[in-house]
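Two complexes come next, and they have one chain in common, chain A, joined by chain B in the first and chain C in the second.
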Partner chain A sequence: MGDYWRVLSNNLPDYLSGFLTTCQVVGAAFLIAMVVGVTVGALRAAPSTFLNRIGFIYVEFFRNIPLLVLIYLVYDGINRAGIISLDRFIAGAACLGLYTAAYVAESIRSGVFAVGQGQVEAGLSLGFTQREVLTKIVLPQAIRTVIPPIGNLVIAMTKNSAILGGSLLAINDLLLRTRQIYASNFKLYQTFLWATIGYLIITITMTVIVRKLETRLAIRR
Partner chain B sequence: MGENQHLVEIVGVRKSFGANEVLKDIDLTIGRGEAIVIAGPSGSGKSTLLRCINALETIDSGDIQFDGRSISDAGKEVHKLRAEMGMVFQQFNLFPHKTVLQNITIGPTEVKGIPKNEADQRARELLERVGIPEKADSFPADLSGGQQQRVAIARSLAMDPKLMLFDEPTSALDPEMIREVLDVMRDLARDGMTMMVVTHEMGFAREVCDRIVFIDEGAIIEEAPPQEFFENAKSERARDFVDKILHH
Partner chain C sequence: MTYLFDAGNWEWITSGNNLRFIFQGFLINLQIAVVAMVFSLVFGLLLALGNLSKSKVVSVTARTWVDVWRNLPLIFVLLFFALALPGDWYSAWEDNVPSFLPSAYENGRILAAILGLVIYNSAVMCEIMRAGIVSLEKGQGDAAASLGMRYWQSMKLVILPQGLRRMVPATVSQLITLNKDTTLVSIIGIREVVRHAKTVTNANPFTAEFVKGPPLQVYLVIGLMFIVVNFALSRLASRLEVGQRKAGTEVQGDGPRGSGRLDGHDVTLVPVPTPRRRK
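Moving on, here comes the complex of A and B:
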């Protein structure tokens, strides 16, 4: 057991900085995933075929290519084209966020369709426009009902974030830091145990928050 | 001149769902302050007619004028006309994620831009009027069916509508709750609200409304004041209907 503790105490600053970077990239990706996801979900459910199609194309594009391929396309592709030089952190957060947004959009859409037609008619009869009914009455209910599946997506996203450190993006996240530590001590279990715990701290915290939100915002019927 | 017109004028309205013609050449006018009951067998087109008036259904031909403006010509402005009519649904359709008070104020504040404190005060007055002031901060799920329907009525009234449409407002209620909802509706009619009520409650029709419109198979068969309708209906079908409903 002493071996495990020694690895941690010898490398604590590296572990912590990796942990923090993972938190930051997941946080940024979360914001992108929610804003884009809710918007695309709304497009998917909007009363307009044109808007539906835009949402559909977004979802099918991001859902059907591997995250790793997306990272290559975004980071290497854009930088090689020489249009702009993209910061690795921003590129990583954007890829992860936009990728997860496709799944968030599908959750939101299923939530929208779970809100009954009666709610739509009640909103219309009060004088709301179709769009206002969607944004002010249907979406707030849809988001509440899909908190649990979105919680799952965010946890999956946290785990997917390890790809950013593992890929050519080489963001200094928890995974990359752990691999660097391992390369210097060759103690696989002793080193990766702390990465495992680091990821668990983030995901378990998320699970607790999702549970709390779920009870707090639950719609009683 | 607006004051002399009828509030609602329905002329030659037809409506089909696929091959099924549910409204066949309907002509009907409703005067200001008038309360009418639309009666008829299930599937006769009563609810569809009501839903056409606030454009929840579109009509195939004919015209519906509301307060001098055509519903079918309103296009994208139809929401402005809808804001001037209240609609009460069979299934209440309260917003489950909002409190009773928020259900009532969302229309005035979001659609009409009335300040929140003003809307709150008015909502509390309306809750008083429908007899459940103590439920302001409850959620719809905590209310009985009768209470929910009274909140739904208050929600519509908060928009100060010129016309109230009731689509079988008591059909989803347990028998002991029907009375409390009908009482609210009766008071409304007495206060001079223009109302169109689709209902099977013939006691309410007899006591409260000015006119009964009897619809069968998508056509208006008979229009008469309640007493005349119940005691002296002209058409065979209306007499048959009255007979069934009064002696069931």
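Moving on, here comes the complex of A and C:
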């Protein structure tokens, strides 16, 4: 038992900095995912076949490509092409964000369509303008249905962020720190236990928050 | 853009057996995904039954097990098992591996790869199956019990056939995720498509006579392979979903929309406004 505590107290700063880096990467990726995801989701729901197709291609590309391959494609590919040199952190956050954005776009699209054409028609027939229908009828309801799935996506994104530390990007996140600590002390269970707790703190806290939001935002019909 | 479509940067595709080499790696990924999926289905079902067990000890244990593995990053799990499995296991595997298997399987770490993928995905599958079973009305189980069925009989004859049918679309989309996740086993040293890509993109004594592939193009080709397979799978998933709705395996009690079959008749459920209570 003492071994477990000793590993923690010896390496606490490393664990914490890894934990914080994971949080930072997830935060940056979250911003990208939301901006891009909402844009692409809007394209998917737009009343234009051309825009729909662009959104469709984006979603199917980023949703079906493995994140690891995307990271190699972006980082190894672009750096070796010598066009621009990318910062590792920015490249990682961008890959994770763009990858998650495809899922965000899909949940936004389904949220918008869940509102139902009937309500749009009802709004229009009551004399609302297109814009008013969107801002006063569709969006307030769509946002409520969309928030819980997006919360789940953020949890998945946090787990995916470990790939950034494990791949060639070698961002100093919790995973990479754990590997470094293991390489210095060779105590497998002790080292990985604390990292496990670190990851569980993030994901389980978020799961609880999402569940709370789910019940609070549920539309009672 | 000019870099991307420059003909010189695509020469590697026809040079030597670069493309075939990449494709062989991709097949390894698919094989690992299928093997891991089969095991995950079996263990996922056991975990789901454990989760729904009447015994408190069993259900709490299964619940905790599933919640821990499901909430960890897969790559973390894979790294853990790669380090945790005893070296004897690896050498035992490497000594006894059948020769007809592709060379990727000669590495003992394939055990850790499959084990990690199965432990993580069986936890995810457990959640999908549990949701499928729980979504059945409680009356189904009660009806089976009132017909005198035992627990296992009602599971086998009433609950599972309906519950498992509901989880088919979710299972296919999990298979897509698993398919993508198999690339992570390259990090613990399995020679699959990402490793093969590294060979093609780097100057390597074995491939010296071949044209080296620029990473952007090589990984784009790999990405397209995954996109083709996964897109086909996701089409399959949505078709199954529609087919299920048509077959009318379910008529939702509270959902006010949709249609289905009830006692052999096609029924369409129309929205009925819930009476609002006056204040």
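One rule holds in what follows: the second predicted complex is superposed on the first by the 190 of 221 C-alpha atoms of A that agree within 3 Å, B and C clash if a C-alpha of one lies under 4 Å from a C-alpha of the other, contacts with A are read in each partner's own complex, and residues count from 1 in each chain.
Assume contacts are C-beta pairs under 8 Å (C-beta built on N, C-alpha and C of every residue); 3 or more make two chains touch, one makes a residue touch a chain.
In this text the structure is predicted, and so the values were computed from the model without any measurement.
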>> Let me test your reading of the model: by the given contact rule, A:Q141 touches which partner, first (chain B), second (chain C), both or neither?
In response: first
> Between chain B (first) and chain C (second), which does A:G27 come into contact with in this model arrangement: first, second, both, or neither?
Replying inline: neither
> Given the touch rule stated above, what does A:P47 touch, chain B (first), chain C (second), both, or neither?
Replying inline: neither
> So, does A:T203 touch the first partner chain B, the second partner chain C, both, or neither?
Replying inline: second
> Which partner reaches more residues of chain A, chain B or chain C?
Replying inline: C
>> A:G127 in the overlay: touching chain B, chain C, both, or neither? Say first, second, both or neither.
In response: first
>> Applying the document's definition of touch, where does A:S161 land relative to chain B and chain C: first, second, both, or neither?
In response: second
>> Going by the contact rule set out at the top, does A:L188 touch chain B (first), chain C (second), both, or neither?
In response: second
>> Looking at A:Q119 after the superposition, I want to know if it touches chain B, chain C, both of them or none. Which is it: first, second, both, neither?
In response: first
>> Residues of chain A that sit at the chain B interface in one complex and at the chain C interface in the other, please.
In response: 221
>> Give the list of chain A residues in touch with chain B in this complex.
In response: 116, 118-119, 121-122, 124-129, 132, 136-137, 140-141, 144, 217, 219-221
> Which chain B residues qualify as touching chain A in the complex?
Replying inline: 54, 56, 76, 79-80, 82-87, 89, 91, 93-97, 106-107, 110-112, 139, 141-142, 152, 155-156, 159
>> Please output the residues of chain C touching chain A within their complex, sorted ascending.
In response: 3, 67-68, 71-76, 79-80, 83-84, 176, 179-184, 186-187, 194, 197, 201, 214-217, 219-220, 222-223, 226-227, 230-231, 234, 256, 274
>> So in the complex, the part of chain A that touches chain C is made up of which residues?
In response: 60-61, 63-70, 72-73, 76-78, 80-81, 83, 155, 158-163, 166-167, 175, 178-179, 182, 188-189, 192, 195-196, 199-200, 203-204, 207, 221
